[in-house]
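Both of the next two complexes hold chain A, though its partner changes from chain B to chain C.
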Partner chain A sequence: MAQTINTAVTRTDAPRKVTGTATYAADVMPAGMLHGALATSSVAVGTLTGMDISKAKAEPGVLAVFTHDTLPDYKSVKGFYSGGPGSASFWPMDTAPVRSYADNPSSASYWPMEDVRIRYAGQPIAYVVAQSAAAARRGAQLIEATYDVSESHIAMDPEQSFVVGAGEDSKGMVVTKGDLARGLSSVAQIVEAEYITPFQHHNPLEMFSATAEWRGDRLTVWMPSQSVRTLRAGIAQAYGLAETSVRVISPFVGGAFGSKAGVTPYAMLTIAAAKAVGAPVRLIVTRPQMYTVATFRPESVQRFRLGADAAGRLTAFEHIEIAQTSQFDQVVNAGTHITRAMYACPNIHTEQRLSRSDTNSGGFMRAPNEMQTFFGLESAMDELAIKLGMDPVALRRVNDTDRHPVEDVPFSSRSLMQSYAAVADSFGWADRTPEVGSMTDGDWLVGYGCATATYPTNILASNARVRMQGTGQAYIELAAHDVGTGTYTIMAQIAAARLGLPVGACDVVMGEADLPVAPISGGSTTAASAGSAVHDACLKIGRQIAAQVSAMSEGPLSGVDPAGITLENGVLKAPDGRSQPLVEALASTPAGEIEVIGEFRHKAMTDKMIMTTFKGGYGSAGPVTPEMAMFAFGAEMVEVRVHRWTHEIRVPRLHGAFAAGTILNRKTAHSQLMGGMIWGIGSALHEVTEIDKPRARFLNTNIAEYLLSVNADVREIRVEMLEERDDYVNPLGVKGIGELGIVGTAAAIANAVHHATGTRLRRLPIRMSDLVGKA
Partner chain B sequence: MRNFAYYSPKNLADAIAAIRDSGGDILAGGTTVVDLMKIGVREPSALVDITGLAELEGHEIGADRIRFGALARMGHLADDKYLVAAAPVLTESLWKAASPQLRNVARLGGNILQRTRCPYFRDTAYAQCNKRSPGSGCAALDGGETSHHAIFGGSSACVAMYPGDWAQALIAFDAEIHTQGPGGRRRIPFADLHVLPGDTPEVETILQRGEIVTEITVPIVPALKASHYLKARDRESYAFASASAAVGVELDGDAVRDVRIALGGVAATPWRARAAEESLKGKPLTEESARAAGRIAFADARELEGSAYKIKLGADVVAGALMTAKSRANGGK
Partner chain C sequence: MTSKTSPPCDGLSRRNFLRTTGAAGAALGVGIRHAAAHQPGSGVPPDAQPKIELTVNGRLRTLTVEPRTTLVEALRDTLGLTGTKIGCNQGQCGACTVLLNGDRVNSCLILALSANGAEITTIEGLANPDGSLHPMQTAFAEQDAFQCGYCTPGQILSAIACIDEGHAGSADEIREYMSGNLCRCGAYPNIVAAVESVRDSKEG
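Up next is the complex of A and B:
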């Protein structure tokens, strides 16, 4: 059987998606289903003084209108709101500043429609149930609310920031090593600068939806989710149900990017409404409402002070990150613990700060800790290289390190400079002339820029059930998710490679909370963690079948000591050279079929981490364990062109080289990295959620005016995946790649814009308007 | 969306009667009107679908004018190679607009009558919008985000920007529109079609209720062949103009005999830059004179908070567009 790992395998679910037979959550229509719609607040802060629902109720087709006083099961859902689920959950367990998923799957403290309070614009204020989606939406439009409006502000004030957490909780939020002041006193060059990133929204193509059906006290919820078990835990808690009474189903997800990670108010309201009307209800959130009923990437300010000696060696490294959060949560996308892992430096100080404003709670958006912080760090490194008169790649080389600069443990593997070498080669970095504005082509100013990419290797406990039949099929089941990334395919590949079956004979079932425990698909964990559990299950099958056939009186392995039998590419092999294909061996056993639970536990996982993951939380043993620091690395190089007349900024070439351990599927991995890089172009040049300051509202809440990169913006993207072996991270040697590609792209582009034009832009996105009158 | 009645008349007379009797809105491709209905900004009681009126289809390049039926699709015209050769500004301003999907359904009559993208107009959560609810105020001018608003032609009641591209080519080249309505037929210079917001931003054109645009004509002049539409936008496709220029030149040796300049992305209505045109007539067209014309075009712009960049950007875009037109006049691309 062909070795399927590290080959390019086409997605097994592609035909279903292309032919429209893949059933997404909102495709499900339980018998008797009604339709929901949300009415949302037009003001940001204040109290509701009145609501006229008479017109809505009179609209033909409208069956019920729920407001804060009529929403049923109010008590049981009280306090159960998630604007920014698990703000703490991506933080190492023992330094979690706020409660984690495990204690409170929503991790947020404010539930809309609880009372008359309004705490952010776009907060749900009423829920309409009707016979058709059109009638429900019309009903919602007809609701007239009056408010007593209080002052509000939507942009954070960085001067009003505070350190995340309090007391013990703030451990890890302020980190000092060495003596920063001393490091700054004896430097050849210092860069001190502030980099600003905006609010951004995920805008997945698949709309947010929830469909809830009650049968007595049993509940089924169909909802696109990247964490079905978190969702189930939250719903069960809110309604006082046993988890076994709640089914959560999410077989396909049309883009999540962090926006479908937790328990959201629209889901909880839909469940409540379905209970009240005694019929299944489906809500599809409108595009504008998607900006306020889930999460977003909070705006941030990244303050850096980097000092280096004349040779470019860092002597001082300070990073203070100030990120926006809501008035009621501490949403922490802690980027400083990633930036301080990057470069060797004896004197380091980092602070993780927040500043509040009147919004729903932010959350995770692809590379939630890294996108913003690496725009800052890698821009600052470029500025430092220029001050030192050094090539930017050389500056990274001088500061490369094989030990974590703060934790003082080795990296389990680190191929940063190999990545730079590979990308420099493919890109042609040697052709770059360092002087600003020195490269032009007709009406275009040309610039080359580069930046480091990294992503922490998060590893979580996972199980997987594999059932194999002697007739040559395997069924792989686990509560993991394919959020459009190719997980169905890679799980089948892993099983196929181990069991010696064709990929097509391995059927993968995921996206249901009832399946064996698998972690949230967030933080680029699934391939590494859930994949390792599938791998383990297959090895167990091998061992158990080996034991059976070696005990049999006949057969190729009869009488062999089972302890010596290994499973290689689907073949059981004895030390003496005898062998038997696993599927044949299985067929010869009395049952002809076997089912096992595989498990992935890393030696660095504490019991607490494992339990956290089992409860639907985020118990990652990474990226830093007591022994090792685990990160994937890469480097990106970009050519930017700025037009002399229109000042338009275009990206004709973007190359990246990445090393992330074992690459399971070269095709889907390529797509993930490329997709990340494309989103990096968007972050650099296009994406921003504009704000209306006087009324504290998100403004461009549609995908005509919220600019996402389109095909024409994406020209040559080259992705190189380097060989890297890492036996520490997990048995498969896999590091996550889902988020790696986006990290660094924005800085590479900003650096290239500077090279082309001489204008240093420290605020994203970089727009024509920033260059007018300058270049 | 409010429920509405739907009519699909088969001839102009029936269409005019249907609009009169129903009080409904005209529906062409629907990419503006249905969009506004979905978000609750327009709530017509009826839609009169005119896409069955065959006499409003098609386009021809005649001896002295080009005729466009009001129902011609944006996407079809952009692909007509004769039109591309005869009047590049007319095709470029079409294919650089919207997306292929939109261009396949949107019609030219609807295109010129598209509504502003002012986010406050488009979101009924804002109580203040004089254009949507006359007399309610203007959220944009009340401390709002105005970096995409009009720096020409705005009033203290409304600074909404006219977002269309094709209209800039039409106004630059003295197009006319032909209409038929309850009061009979009319021929209207395109420049007179849109009206400034003044105190009544809810009124955007001089069209009367039930008056249907039947065709659009553009006189053929030498500058049309050496014309260009330059659109500056942050993403390469599917974005409204941050600033754009529809231009054309006719040269007499070195000297400019005829020049046309209209500005997109900056004004309350389609906007002709006559002073900039005058500055060039009879003189050589050089990078310097083109840049000067760009500055003149924006001399009386009224800057709004966040929109200062449009003044400089717009001037550069005008200059860049003129240089391309010059090269076309000299037989280049």
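Up next is the complex of A and C:
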């Protein structure tokens, strides 16, 4: 059987995706389905003093209008997910009670339509059910609400920040190693700077939707999800149902990026409405409403002080991150946990701080800890290199380390400088002249910039069921997700390689909560964790079939000690040289088929971590275990052109080289890394959720005014995937690549803009107007 | 404390939206004879709702539509052709792109009524009856011109039109003329490669 791992395999779901037959959640229409629509608050903070729903109820086609007074079932949700009404709820994962997030005292979650309180603009205040989507939307528009309006602030005040869990247990939020003051006192050069990143929204192309159908005490929910078991656990608990009475179905997800990771209010409201009207209800959240019914990337301030000796060696490293959170949740995306792992330094101080403002709760958005913090760190490193008169790559080399600078454990593998060497070669870094503005092409100022990328290797417990038939097919079943990441394909590849079957004979079934446990598809976990469970299941099949055929009176392996039989590329092999293809061996057994459950449990996983994952939470071992630090690394180099007169900023070339352990599928992995880099272009130059400060609301809540990178924004993107072996992270040696590509891009572009123009821009996104009068 | 009365916020006003698209439908030369009979947003009892005829993927379909129903909702919810996706319902993303009398259009910006009599091609209509794929479908699969696949039906129909319009002369031209179709996964370079490969095989 041909080697299937580390090759370029076309997606197994490609035929469905190019013919329109891949079934996304909102494509399902149960018989008798009605349509839901949300009405949302037009003020940010205050109290509802009255609601006139008479016009909405009179609208032809409208069947029901629910408010906080008339949606009784929903109130039982109160307090369930105390981390917040969004995917924010996974934090703090260490202290949250495993069985319920309800009584976690560190967080006071708030669900809309509980009562008359208005906590943020765009909060759902009513739910309309109608015979058509158009009638439901019209009904929602006809609802008139009156409010007592209170003062509100949508922008955080960085000077009003606080540390979660400060005092007895800071949970790594404040970390000091060595003596920062001493480190700062003996430097050749110091960079002290503040970098600012904006609110951003995920904006997956697939709009949020939920379809709920009750049949007696059985409930089925179709909803795009990157965490079907989390969703099922939340729904079951809210309605007092056994998890076995709740089906959550999400076979295809039209992009997620963190926005579909949790239990969201719009899902709970739809379930409640369907129960109240006694018919299936489908809600498709409008694009503007998507900005306030789920989560987003909070705005942040990144404060750095970096000191180095004359040779460029860091002697002081201080990073204080202040990130926005809502008034009722503590959403921590712990970026300082990642930056302090990056470079060798004897004196380190990091603080992870939050500041509150009047919004829905933020959450995870692609590289939630890394995008904004590495814009800061890698910009600061560039500034330091310039002050030292060093090549920026040389500064990274001087400070590379094979041990975690704070935790003092070795990296399980770290190919940072190999990545720099590879990308420098492909990009032509040697052609760069270091002086600012020294490279021009007619009216274009040309700049080259570089930055480091890293992403933690999160590994979670997972199971997978593999059913193999002697006729040469296999089912691979697990509650994992393909959010565009190629999971269907890589799971088939893993099974095909182990079982000796064609990839096309391995049918992968995922995206349902009833399937064997797999973790949340977030934090670049799925290939490493769920893939290792599939791998384990296949090895178990080999052992069980070996035991059966060795006990038979006939056959190639008859009489062999089964303990000595190995499974290699789909062939059972005995030490004496005898062998039999696994599929033939299976066909010779009485049943002719077999099913087993594979398990992935890393030795660094505690019982509590495993339990958390099985309850739908995020029980990651790593990135730092007692023995090792597990991170993937990469380096990006970019050419930026700034027009001398118009200040137009273009990105003609963006190259990246990455080392992330085993690459399972070179085609889909390339797409993931490339997509991440294109997200990085967006973060650098386009993406910002603008805020209306007087009215405390998000302003550009659509995808014409919230600028996503379009085809014409993207030119040459080159991705190189280095060979890297890591036997510690998991049996497959996979580290995860879904988020790595975005991490360095924004800083690389900012550094290139500086190289081209001499203007250092420390706020994202970088715009033409930032260069007017400067370049 | 101040008190104020205000309708709930929902971004774009549907009513204004429909007025705008009504004009767009007329500009496209699409029949709108039923549209004038009913005020958008007024709601019409089901038994009084108008019938329209659409030729969808070569088959004549007669359907009853509420006047407010957009073409994409008629395709998806009435005809069950869910291959066409809704990404914004505001004409911003291109996910709902279909071919209407051969031209690529955002089907969320067209009332079903105003498409009466039109020929519509959706993603379901591209493959041959024997199941063999349209060359653009094959090219998208081979080039990995998508990840999540949600924008893909619209991208493929737009890509076919891009070549037919003569706007696929160079990579730069393809990028420009495919920029009405957003891809949040960032598959753009592979989309350009897919369009180029189909263009080249046609020329060859």
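Assume the second predicted complex is superposed on the first by the 740 of 775 C-alpha atoms of A that agree within 3 Å, B and C clash if a C-alpha of one lies under 4 Å from a C-alpha of the other, contacts with A are read in each partner's own complex, and residues count from 1 in each chain.
Following the convention adopted for this analysis, contacts are C-beta pairs under 8 Å (C-beta built on N, C-alpha and C of every residue); 3 or more make two chains touch, one makes a residue touch a chain.
Here the structure is a predicted model, which means the values were calculated and not measured.
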Partner chain(s) touched by A:Glu321 [first = chain B, second = chain C, both, neither]: neither
Contacts of A:Gly773 with chain B and chain C, given as first, second, both or neither: first
First (chain B), second (chain C), both or neither touched by A:Leu699: first
First, second, both or neither for A:Gln141, with chain B first and chain C second: both
Which superposed partner A:Met677 touches (first chain B, second chain C, both, neither): second
First (chain B), second (chain C), both or neither touched by A:Ser42: both
Touching partner for A:Val18 - first (chain B), second (chain C), both, neither: second
Chain B versus chain C as contact partner of A:Glu690, first or second or both or neither: first
Contacts of A:Ala712 with chain B and chain C, given as first, second, both or neither: both
Residue contacts on chain A - larger count, chain B or chain C: C
Contact residues of chain A, present in both the chain B and the chain C interface: 40, 42, 60, 121, 134, 137-138, 141, 288, 697, 701, 704, 709-712
Chain B - residues contacting chain A, complex: 1-3, 39-40, 117, 119-120, 123-127, 139, 142-145, 147, 230, 232-239, 242, 309, 312-313, 316-317, 319-321, 323
Partner chain A, residues of chain C touching it in the complex: 1-14, 41-46, 66, 68-70, 73, 76-77, 80-90, 92-93, 95, 122-124, 126-127, 133, 137-138, 140-142, 144, 146-153, 156, 174-176, 178-179, 181-192
Contact set on chain A toward chain B in their complex: 40, 42, 60, 121, 134, 137-138, 141, 288, 443, 643-650, 685-686, 690-695, 697, 699-701, 704-705, 707, 709-713, 765, 767-769, 772-773
Complex contact set, residues of chain A against chain C: 10-11, 13-24, 26-27, 29, 39-43, 49, 59-61, 121-122, 125-126, 131-135, 137-138, 140-150, 203-207, 252-257, 284, 286-289, 483-486, 667-668, 670-672, 674-679, 697, 701-704, 708-712, 714, 716-717
